[in-house]
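Read from first to last, the chains carry the letters A, B, C and D; within each, the first residue is number 1.
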Amino acid sequence: MDYRGIFPPVATPFTASGDVDFNAHRANVARWMATRLRGLVVLGSNGEAAYLAEDEAERLIAVTREGVPRDRLLVAGTGRDATRATGDACRRAAAAGADAVLVRPPMAFKNQMTPDALLRHYTAVADASPVPVLLYNFASAFGVNLATETIVQLAGHPNIIGLKESGGDIAQIGDQVARTPADFVVVVGSAPSLYASLCVGATGAIVAAANLIPEPLIDLFDAVASGDHPRALALQRALTPLARAVTTGWGVPALKAAMTLAGYQGGFPRAPLPPASDSVVQELRRLLTDLPASTGASHVAAAR
Amino acid sequence: MDYRGIFPPVATPFTASGDVDFNAHRANVARWMATRLRGLVVLGSNGEAAYLAEDEAERLIAVTREGVPRDRLLVAGTGRDATRATGDACRRAAAAGADAVLVRPPMAFKNQMTPDALLRHYTAVADASPVPVLLYNFASAFGVNLATETIVQLAGHPNIIGLKESGGDIAQIGDQVARTPADFVVVVGSAPSLYASLCVGATGAIVAAANLIPEPLIDLFDAVASGDHPRALALQRALTPLARAVTTGWGVPALKAAMTLAGYQGGFPRAPLPPASDSVVQELRRLLTDLPASTGASHVAAAR
Amino acid sequence: MDYRGIFPPVATPFTASGDVDFNAHRANVARWMATRLRGLVVLGSNGEAAYLAEDEAERLIAVTREGVPRDRLLVAGTGRDATRATGDACRRAAAAGADAVLVRPPMAFKNQMTPDALLRHYTAVADASPVPVLLYNFASAFGVNLATETIVQLAGHPNIIGLKESGGDIAQIGDQVARTPADFVVVVGSAPSLYASLCVGATGAIVAAANLIPEPLIDLFDAVASGDHPRALALQRALTPLARAVTTGWGVPALKAAMTLAGYQGGFPRAPLPPASDSVVQELRRLLTDLPASTGASHVAAAR
Amino acid sequence: MDYRGIFPPVATPFTASGDVDFNAHRANVARWMATRLRGLVVLGSNGEAAYLAEDEAERLIAVTREGVPRDRLLVAGTGRDATRATGDACRRAAAAGADAVLVRPPMAFKNQMTPDALLRHYTAVADASPVPVLLYNFASAFGVNLATETIVQLAGHPNIIGLKESGGDIAQIGDQVARTPADFVVVVGSAPSLYASLCVGATGAIVAAANLIPEPLIDLFDAVASGDHPRALALQRALTPLARAVTTGWGVPALKAAMTLAGYQGGFPRAPLPPASDSVVQELRRLLTDLPASTGASHVAAAR
């Protein structure tokens, strides 16, 4: 499996009454598949996975698979707090069509989640999963950190093929690449540090902004791959404000509103998340419009 | 409903293979009901609620109710990340026999859990719940803080009857009591600050140590109620080391091991939580044995 | 030396041009000495010690001593980052008339301030100081924590007589009292937790609000000493809002403004601290006026 | 003034009895000046500035200037907690020969150090300083953050020429470069993120490792300048373990020990900092020996 490229951690659209809007999702999948995105990640944080019931999660994977051809990758988030529940979720995801699973660490009993406990947990999950496992580290969001040493140990498991790192500590990302085997996947989760992450050897990226502006992110990836650093840096600077707005700025409500502005069907967030406010929507429209023509002209049509 | 008194947030015993051990639980409930505990709280953090499936949770409430007479209180933890899922859990808990529900805040998207979002969430949950709601604040564990101002606002809802506060900031507890109506329940969740909490007006306590040494905690409560401050302080000092060992010290694994040492059936934790190590068990035995005869003699028999 | 009672960590008044206003300070000292305050603490955090040059600090101690009779205690803050500089400051403070010194931990190189490093530092400082040493713990402000175990070890040094603890964790305060000798002084630094701190055995208090409303704080102390808990709790509740406003609320600028409203000479803060804004001053006036007549009537005259 | 290049934040050697060892320092300066280092920074965190008296600081600048020719830059740390004291320190530093000053933010009263307070402080300091000012941001060490917005505003002051950023958040560094004028200096303070920082546009670096292995750091800088990214990344990976060991790993004691191993005169730290332990010294020797011949052969001679 080739993880070189850009993946959106796809947002899950809800109807105004709070149900999963599978039709809206199908339309989004079709549109993403018309781009050069390497694949899709469902049921990540940006997919409001914490808000979905088990049956909703399972159906979402199956519906997505219908729209994702086999030469693109479909990754499903399957992390749960208990080890057994996580293994079960991996099995269901594989049965529903996922090519791989992305497993966040257990978040309950943070103080007890020592390196040893995490090692045992991920080893048991990887043993149980029918499809390859990507570790997931995002210490500031999860409250649990996967130390580089632990990642290095887990990289030796035959069914653990890589890591998503969503923190922006570039030295840590550099270490993760340098200290794991050459074929260990390191995909990053923070678009504002994408260019720098690729410089230090990251394989690819799973970034929220790819839900709405995939092409300039792919262009950035290609620029680094071809050694065109000035173009990559220019794209990074152009993308950063919008990428930040839909994540650390105003979060999933803004991501969904921006998707809608860009022609996707963002839908509503599920409560307790509120919809984006009018002032946020206006600012998102401005950011979309400001993206220079060279970096994403075709994607801002709907915003004008 | 009278919340004056002591409640254990009961541990959920698992078998060595990781199943809920309902028989062990029944035996524990019977033993707790032989004490003067005011009631039981199931499916709290100490109950490893994060590790239980919905059907296990529901059955645990029903099984517990069988052993808890109607003149004692049965409270069930029903917090989920999504508002709708939380309301559903409240309905199931009520149907299974809970007298009230204890609702932790949503933990996903912490940055978005503003006072307004929490206000809307808890209002919707209280509207949906057939039984009274206790708020639950434990900022350091949940990563989300219920500001006193928010608590004061929520105290106006007819179906929100109180709060469990598990942080040890005594001034904050004092505020919560002083700024809410006289009949608003403030139960505290930290045994090492129990005496001080009662001094500043707390109604009662839901503390892990009550799983294994209920009597000295009840004695402490009674001492404050009768104005015997020297005895209350002496009990507090005697209890603190053990109370801390089974919480901030070594957590749920130690709580379960100490229960077993004290004659309860602690059972195993569920993975990724490991069982307590031998050295921890030895230290727990020492702490149980050290509890002065005056404070809990009958409860340490098994530990000798 | 008897530390039972209330001490203000006195504010240092500056002129509009930023010089120490020794005359204003002399007037404040005279007024404090007309109350039943047990003594004064100069050059603490609230005294803006970090902003004073060595010669200013030395003169402030000497000027204060002139106004503090020998049957009251004068304590001077002498903590510096380097061990040698701290010892030197203790010697100068003693020579200028301090009865004891209050020594904050070194704040540079926080990660290196291990229990061992702190043990060596305080031992060397206590060896060097001609007058007794009070440790000072305020982890959230200093970024360095004195573990209870370290305090217990340092309590064995013949020249270390006590501790000021400014955090509000009441269980920690209880431990500090319970685990040190009976004559080891534990004075607390947070007025909103004063009543609870006295309940668990604190010796006295060094609290900012004592700069402006010493009498109700002394009354609270006396109420606990005489076993009148209901009166102590009532005083605590009456005092808390103002006590918080001049500390965690709006800090030293508010403390100085409130002192002026209460008839003291608060003077200006030194830059970069700004003076309190007009809206803060109005809120302080309201809080002073709201203090019930029973708790501090004579002290709010100036605020009306 | 041209800040393109590498600067060591020079360690201050002390004798075993705790005095500044000016002769050792002179020898170090001479050796640094024999390399292509762009200049020296004295009295930074790594220089234990917090432990030096004002007269020691002044003399250190003067002594350093004697050894630093006018075509190299001499920068002196002059941050103090009070605005006036900081301005005074800038004047003394300029008089003693500094080309520019590096000003850390005030660390007292962190909660009061709002963007407005920092804006006023730095503006007053820049007005007072006879030589240009570099801002200094290191939120995790100082407990105060200079928001990018504040930096952008301060960049408009004619005597504020740049910023040292020591955090490793690469997106923040990218922003600082992108949002300030082209001639605004952004020097970074974290060697493990040096390559990535240069990719996103940093001007140069002030990094502890330059005290002992200046040449490979200069080579890395040159590699990026000439567009040789593969060589830059290889150098980064080779340097990172040692660079981390002498900073986040074991701090200033390790930095001094490693300097001595590399042929410089590291001297002793000042108490309360302890000297590096034997096991740390052994590990440092290993790290120095492991540096591949291609990246710093001549600098590890002393370590063998």
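By definition in this document, a contact is a pair of C-beta atoms (placed from the backbone, for glycine too) under 8 Å apart; a residue touches a chain by one contact, two chains touch by 3 or more.
For clarity, every value in this text was computed on a predicted model and none was experimentally measured.
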Chains in simultaneous contact with subunit B and subunit C: none
Intercentroid distance (Cα basis), subunit C paired with subunit A, Å: 51
Subunit C and subunit D, separation of their C-alpha mean positions in angstrom: 36
Sequence positions of subunit C contacting 2 or more other chains: none
Every chain pair in contact, whichever chains are involved: A-B, A-D, B-C, C-D
Residue numbers on subunit B that touch subunit C, as the complex places them: 168-172, 174-175, 178, 190, 192-193, 195-197, 199-201, 227, 229, 233, 236-237, 240, 244
For the subunit B and subunit A complex, residues of the former touching the latter: 18, 45, 48, 50-51, 53, 81-85, 106-113, 116-118, 120-121, 124, 141, 143, 248, 251-253, 270-274
